[in-house]
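Below is a structure I'd like to ask you about.
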Amino acid sequence: MTQVSMTVNGKAASGDVEGRTLLSSFLRDQLHLTGTHVGCDTSQCGACVVHVDGQAVKSCTMLAMEADGSEVSTIEGQAGADGSLNVIQQAFQDHHGLQCGFCTPGMVMSAAALLKENPKPSEAEVRAYLEGNICRCTGYHNIVKAIMAASGQDVGAMAAE
Amino acid sequence: MPKDGGIGASSKRREDVRFLTGVGNYTDDINVNGQAYVYFLRSDMAHGTLNSVDTSAASAMPGVVRVFTATDFEGVGSIPCGWQVTDKHGAPMQEPAHPVLATGKVRHVGEPIAAVVAETLEQARDAAEAIVVDITELPAVVDMKAALASGATKVHDDLENNLCYDWGFVEENKAATDAAFEAAAHVTTLELVNNRLVANPMEPRVAVGDYSRGTDEHTLYTTSQNPHVIRLLMGAFVLGIPEHKLRVVAPDVGGGFGTKIFHYQEEAFCTFAAKACNRAVKWTSSRTEAFISDAHGRDHVTKIELALDAENNFTALRTETHANMGAYLSTFAPSVPTWLHGTLMAGNYKTPLIYVNVKAVFTNTVPVDAYRGAGRPEATFQLERVVDKAARELGVDPIALRRQNFITEFPYATPVAVEYDTGDYHATMDKLEEMIDRSGFDARRAESEKNGKLRGLGVNCYIEACGIAPSNLVGQLGARAGLYESATVRVNATGGLVVMTGSHSHGQGHETSFAQVVAEMIGIDENMIEIVHGDTSKVPMGMGTYGSRSIAVGGSAMVRATEKIINKAKKIASHLLEASEADIELKDGAFSVAGTDKSVAWGDVTLAAYVPHNYPLEDIEPGLEETAFYDPSNFTYPSGAYACEVEVDPDTGKVSIERFAAADDFGNIINPMIVTGQVHGGLAQGIGQALLENCAYDENGQLLSASYMEYAMPRADDLPMFDVDHSCQTPCTHNPLGVKGCGEAGAIGSPPAVVNAVVDALQSAGKDVTHVDMPLSPDRVWEAMQ
Amino acid sequence: MYNFDVVKPERIADAVKELSDSSESQPLGGGQTLIPTLKQRLASPDKLVSLSAIPEMKGVCAGDDGSVCIGGATTHATVAAEASAYPALAATAAHIGDPAVRNRGTIGGSLANNDPSACYPAAALASGATIVTNAREIAADDYFQGMFTTALDEGEIITEVRFPVPEKANYQKFVQPASRFALVGVYVAKYADGVRVAITGASNDGVFRWAEAEAALSANFSADALDGLSLSGDDMISDLHGTGAYRAHLCAVMTKRAVAAAA
């Protein structure tokens, strides 16, 4: 066991981990931050996306020890201190960008990374950026719409409701 | 103006807040103090005789609590099948035993042979590697037609052969149907495959079994669409635990799509092992494990023939289907290719004679059961493909041929035993034509050609049967359960209320839409209503969520219970207002006396029910809680018309969806935003089936598409924005809300549109291609063009 | 996963020493392939030597000879953002995996793994790159030795990759629809002394150069020059997503497209 320390959603966090402990396991099992989900074992579904030092990563494909000393942010750190949804979260609710909610944390974290990099993405850019996030419920239509709305673009003209 | 609440309002979903902030409560988020973890040692061989399983070394490994094999399950029941189909000779289907852990033989890759319970998952997995399994490999039965050849290796030695049943429907119509083909002016024939799929909800299955010696109570937390069904099947048939000692909880569930309906071995194992080990036992499926243990979907091979007269009227339809059951009968497997498929073969058309033959076959593959649409996508696909092929053969417009044969008068009794209560197929087709700018298609095709691409337009209709189902009817058809739904409405003293529904929500948004209905009925704010589901200790009974039945059946039960509440509340109000009960009206959350200005607020009535100082105690009991069970009198019949425009890259065979339009008739609609979202999701799964998804086995029964590296899930850049409309509404005539259900439509209606469009594109380039089997992956399309 | 120790040296020499200390140790780049492999228990190292904390192995810079030099532990995202001196290479990096994978996966890890469907091997081979290790410099033509096989010795680390910058280049990836790896990927690079064409995804022998196409394009760098040229599908990968013949066909199509798009 080795102790790792990191800042998670602005708070210091530490714990003893094995070499094989994944960042996703550390977050879920040791810090009880169960909003980060694990939906596959081949690094494809993206339900586990968190930010490490400001960059989106798949926490199921990163060792906890590799995140030692890093700033980590997860879905639990996205809303305001009073619980108010941030712009992206609110857009997902407003545009029905989620159904079962399982892929949602990864989608929100990927969307945040995209908008940081590309504040006004086109529809094609949003779709391309979501290559590593699989949703089985929504058909992506309303996720794309929500992300574009969160970027401040007018989504009124996008197809149907 | 859109409404801002109640029925018809696009109310934002209340469940979203917890999901968006990471505080949902999925089964894998549940940890019970002192829990151990189970790892299943699964067969990597498709078929073999299990000679021995030596667990001695494994049992001595660090952290191991106990290792289980089949011998530990002697006396435990078989995983039951919930539907018995009768074959065309009147004999019951062949029904093999389905043990919790492989007994005597292994019959598919992924079948659990042994289970290790240990302090940690990794320790359990380490120990599983130390189990010595001696298997003599047997030839794998994979191809369905070969499985039925005489002398074929048997999947189950104690059965006569690999034929589960040979079903004919309607047997009495067979001779007349054959005669109609003899007399036909034109016959169109098509052989096709409805590709095997894996449902792939993003949340893998999880089960946590818990047990208290102090109270002899079992609790199972599980990723289920229907916790009460699991309680019944597992409690009564497998483990022998009475309902009052077994609580099943399905908390937030991350998608189901059918594959979380069924009772699985892992649930029975965790429940059993928790008692045997006297501690909680948790299983979390990996995605790799899910591919070889979740029930698969579809997998039909069909020959369909359509007979037409000289005026292009459909005169008869005949089909022969082989339906894969896999190695064991999953919970509803036998019903899917029969009662959920054969009864839909009339589609939207007044074909007078129909005969459907289905042979269900055992193979050494993962069990196959319902997946979004379940039987209805298979029916729609073959019918809408053969109609399209007929139009091309006859040189007539595919839409005109469909319109010519539409059913136009309702109710309509089909020759396949169902009665459509209502519908307007011309209306949805009119709407679709308005949406797709058909007159602009030639210009779009020319533009595509300029870019070196082939453009095609495909159209189809669909009809589905939802709201399953009248219990007495399905009982006659072989269902071993009733298919009603229950709801309890508990009004609290201060006027807020809780609805306990058997309709589990795992993405459908019931917590929002169900509240809208009750809010509308009483005239109170939606936020005064809480929807509770997913826990057998809270909800009296439930048959669960599948077959687009929640609002039609569960919603109707809720309406009935709410009506009972209102009736009782009116009695209380009449007492408080000193008026005749007949004169009491409920509007906007207040009871008033007709024709007067006397009224009493909802909250005053509910308070009186619980503080009955001024109360008609001689006539009615205090309290305000009512339960209703609703058993539907018919199925509901959503329908619609879909269109797809594709571009095909002739150099690579790659198909891209350029436009997709869906015009649906769902009857009345509670929350248009949610309905639209359900259609989007269904479309994505249908397009996924048509273009991307392929669950494939090799000849040795090894699963070739066993992870997301090989099984192509639709991604954001595979799909377009969808154009969805549900303004055509012919309300259901037999349920109180006039609703039909919307969950499966997209998955049912979209595959034929895609394939029809690709065939159109290829034929536009002069290619002699009449059909390509799904998925229309680039290599298959390219090969079809050569 | 089987358990293992993790060490994070900060200097190349320390990493090499850590790797030589144990025969069961393995370097860890971004882990985007290795960690899924470990999850399947297909490998059982006793120690992973992380290369993520070695500053001298990170970043993109210009070599004295005008080449683009990329540290072995540089992520795909960094190459995409910083290799502007070699736009086709930056564009290739920008389409490996998905954004989160690109933030972790490294060029050294990709080349060391030499997945037969990976993008970087095609880029390196077509560019005639030099694979620099802690011990030596290896020409790309000598480096790739078949599917998942390279010239690297046990414990040898890719510290840098040097890409001569071509006059024109382009990479065309036709994705396998599930994995999104290349079903066929063709990288074409035109240098003053000739054209190089490297193909990934297609062959059972891993990345390879298409000599006939190179000769034709060296004489006439236009898509038309490829007319009539084809590869045999006999030795190509045949799987759920396409036969060898289909892959061979795609090789020709993608090569033409790469030439047409080369800039």
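All chains are identified by letter, namely A, B and C, in their written order; residue positions are counted from 1 within each chain.
In this section, a residue touches a chain if its C-beta (ideal position, glycine included) is under 8 Å from a C-beta of that chain, and two chains touch if they have at least 3 such contacts.
Here the structure is a predicted model, which means the values were calculated and not measured.
Ranked by separation of Cα centres from chain C, the top chain is B. In terms of C-beta pairs in contact, the better-connected of the chain pairs A-B and A-C is A-B.
With centres set at the average Cα position, the gap from chain B to chain C is 43 Å. Taking each chain's centre as the average of its CA atoms, chain A and chain C sit 28 Å apart. Across the assembly, chain A contributes 20, 41-42, 44, 131, 133 as residues in contact with two or more other chains. For chain C, residues touching at least two other chains, in rising order: 1-3, 39-40, 179-180.
Residue positions of chain B touching 2 or more other chains, listed in rising order: 122, 286, 288, 708-709, 713, 715.
Interface residues of chain A, counted against chain B in their complex, comprise 20, 28, 33-42, 44-45, 47, 74-76, 78-79, 83, 85, 89, 92-94, 96, 98-105, 108, 123-124, 126-128, 130-131, 133-145, 158-161.
On chain B, the positions that touch chain C within their shared complex are 122, 125-126, 129, 286, 288, 651-652, 654, 692, 694, 696, 704-705, 708-713, 715, 718, 777-779, 782-783. On the side of chain B, the complex with chain A involves touching residues 10, 12-13, 15-24, 26, 28-29, 122, 200-204, 252-255, 257, 286-288, 506-509, 672-674, 676-677, 680-685, 707-709, 713-717, 719, 721-725, 746. On the side of chain C, the complex with chain A involves touching residues 1-6, 8, 28, 31-32, 35-36, 38-40, 47-48, 50, 52, 77, 97-101, 103-104, 179-180. Against chain C, the residues of chain A that register as touching in their complex are 2, 18-20, 22, 41-44, 46, 49, 55-58, 61-63, 65-66, 68, 110, 113-114, 129, 131-133.
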